[in-house]
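Note that the chains are named A, B, C and D in the order they appear, and that numbering of residues resets to 1 at the start of each chain.
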């Protein structure tokens, strides 16, 4: 975990109420896909926790949904502006369990962390299938980017405007996979938990205070005891989840 | 330039103490900085038995602050003394303040006696002011008579200094502080959080699982200054001031109001390095305001 | 889309009311906008005799708010009724709320009777909660018994609706609101300011001439939401909610907590056009949160 | 009085802890020298009241002392950044009473409004004498600018580092003048009040809430009744001042 200043390189809308921001700064504390950063914004007391989409040496990419005044403010920022980030927060996904043909399932704001995970898994020679779930065609983003990684990509939309009509679980039925990784709204995670044929990992969201394990604000119960979503999570193994 | 202060007979290298509930059991903060720079640590509020705390959500944002309704999640006094404090002691050699909550006089007495007998505990802070639990907690702190009763009972089983932590959600905090002093308290600490609430406009229901929560952060600082000032007029025992402290200047302001030491709460959650930075900035702030000895400024505004 | 609400039998075109002490006698705000867009105006707090108020300084800044210790500067009830309200009536045709303070039951009764008899006054708000005067004022509002006594006495001489303005600086605001209801109050308004203080680090003395002052602004909003929510559970009479309201969303949040109408205070001092902008943004905010009739959402979070 | 957005054209230090800022925006509400603007700063609840140094159509000049976190923040702003201002606040100086040879006395942060006043008086053909009082040579600013207006300029410093050693009143003794205008710290105003041979006007400072007369936060007593420094002042006539 590190606290440091990042500078915005680019910040642009990529779908309805969804923006991509690239920043330059010290990414050395980021150790696994599925971790998040916590961003200080002037005029807001709490930081904004945003999942890491991808990172490399000195460059961080995040994709965030504009849901309130904080993210609205972020969406208006421009290249050259600076932000203070806590980086390397959370456990992230354990890639050692993926098997050869992992399934990656991202829903809405849960799509971004799948990208960094997918890139690393394909680099290891795995052959991931990616299901990206959205509400409508206007919400879809990053399908082409996943394809460019060489992954097998399935897009679902609730209204059927693009890709498979329905939920991510509707696209899973015929698939074969060795393991699953997922991130998305809780109803999606729960449906996936029930529909999945293998073990896997689920990334949860909760309202956070600090983002680094101090305040116990985001604690949830698991089969392995109380866990802080921000520190012991956000990724939980399927076997430990208590609904 | 002296930053040392004496709190109830215990010397602190500086008056800055992370507040209970915002610093866990301390040792995890070593990932951010060397916590041996701290004046002391007030560890997570502890009850006799393990508690999960309140249902989610437990956190809401507020202008210049946040609401929490964690509800005293903790592993229970025996686990704290057996595992958490030894873990902290491995990386930290300054004073430790145990923070004890309860739901009955008997529970306070039992937990305090255990803390008092533990070699890792230097001072005992007795929280009679948690707004987020539904029996006990704050209710003991809203009446002078019950504050007196808990204080007396706890003091009867403790050899170490006992500090009673007070709620600001009262008409007359000075009278409650006085009751604690009359009951033999070695100090008082204030303010705990202001009882507050947010409503989610989308669901049109209270945002916190617990309905209400405690407001902390810079928003409450001017209320803390006022209450520390009033309590200083009413009692002779030392005061630990807290409530929204975020800078070395805030530390000085609360000490001028009457505090001997100062706890830093919400600021730790916004910035994990808050206490380290406040301590590092203290000498510069002292110089700016012509202060050479921090231990001499307590109550200076009176 | 309906923004009309009914406050104690008086119809308001919308629930937004500038709070007493932050809007003078209203007519000077015509330099900023047409004040006929307002739901009502609660004019400057008025005592029987003219008052200069407290010595300077009377204002201090705070995180997300400010402290004031004006101390009820006003020209006295007779001058207010003879000069200020007619001046306001020249430019404003919506309801006027007189705001009455006093230092004795007799003074409250005398001023309220005069206000009640004045043709320009539509409702009477009785302030038993000013933190900045040293006799009377807040002291009447910190005990249920004295709140009851003032309410009864004032109600005996008033035909117009009487709304009692409550202080948040109490342990149990619901019980005080209940006492006002029992005394015949037609409504209660809350919260007045939180008693607070700042110290000037340069002089090392209290910054305000009056030592303490009242904290207002967004900092206190979550406390206001909580108290309105609690009072709504305790009484059946209408509540005017206030405390840091700065946006149309804040208006909706306080109404969901239990308010029938909402006063806007500190925001007027930061931005003279605050009330106008809040009213202009109400329909958009209502649409966003699927509200078609504001008068139906009062207490919706319960 | 108006509320509008201004854009910073320049912002630079001109003396120790003193900055000059020029902004472009709607200056139409400014009607007299000695008025002030009230500036909103992100992260601060109250606006910062700053006296108008000078203005013309579309351009406003202010000079401000860096005394706290708000003005520190202002001093770090750069050209192109925007600020929301309330303009045309306060009564300003009554120039009709000046006579032919007015004396203008500014002390420290009270110097700036004297500039706009001096420029207008000289444009009317008056022959002002200007006394500018500072603590040390490092604090001195705008002496040359006043000279460029054609005024007779006397600088005083408490330590004698530049100009006349002593206070502004030390430089007044031998002067002849028709009337005086002044702005500065209260002890200076009081000394001037006692030392002055003519009628005049004094501009006062007080901690303000709103800056436009609503909150009664800055009321003071005068011989003509209670006055709000922000609305009925900041300029009071000598005859009405109560110390």
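Rule of thumb we're sticking to: contacts are C-beta pairs under 8 Å (C-beta built on N, C-alpha and C of every residue); 3 or more make two chains touch, one makes a residue touch a chain.
Here the structure is a predicted model, which means the values were calculated and not measured.
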{"item": "Whole-Å separation of chain centres (CA-atom averages), subunit B against subunit C", "value": "34"}
{"item": "Centroid spacing, where centroids are CA-atom means, of subunit A and subunit D in whole angstrom", "value": "55"}
{"item": "Whole-Å gap separating subunit A and subunit C, where each centre is the average of the chain's CA atoms", "value": "47"}
{"item": "Mean-CA-position distance for subunit D and subunit C (Å)", "value": "36"}
{"item": "Where subunit B touches two or more other chains at once, by residue number", "value": "60, 62-65, 217-218"}
{"item": "In subunit D, residues with contacts to at least two other chains", "value": "none"}
{"item": "Topology of the chain contact graph, where touching chains are joined (line, ring, star, complete, other)", "value": "ring"}
{"item": "Touch relationships between chains, expressed as pairs", "value": "A-B, A-D, B-C, C-D"}
{"item": "For the subunit C and subunit D complex, residues of the former touching the latter", "value": "21-24, 28-29, 31-32, 44, 52-53, 56-66, 68, 70, 73, 217-218, 266, 268-273"}
{"item": "Subunit A residues within the subunit D interface of the complex", "value": "42-43"}
{"item": "List of subunit C residues in touch with subunit B within their complex", "value": "60, 62-65, 67, 142, 169-171, 194-199, 201-202, 204-206, 211-212, 215, 217-223, 225-226, 229, 244, 249, 252-253, 256-257, 288-289, 297, 300-301"}
{"item": "Residue numbers on subunit A that touch subunit B, as the complex places them", "value": "1, 3, 40, 44-47, 86, 206-210, 212-221, 226, 231"}
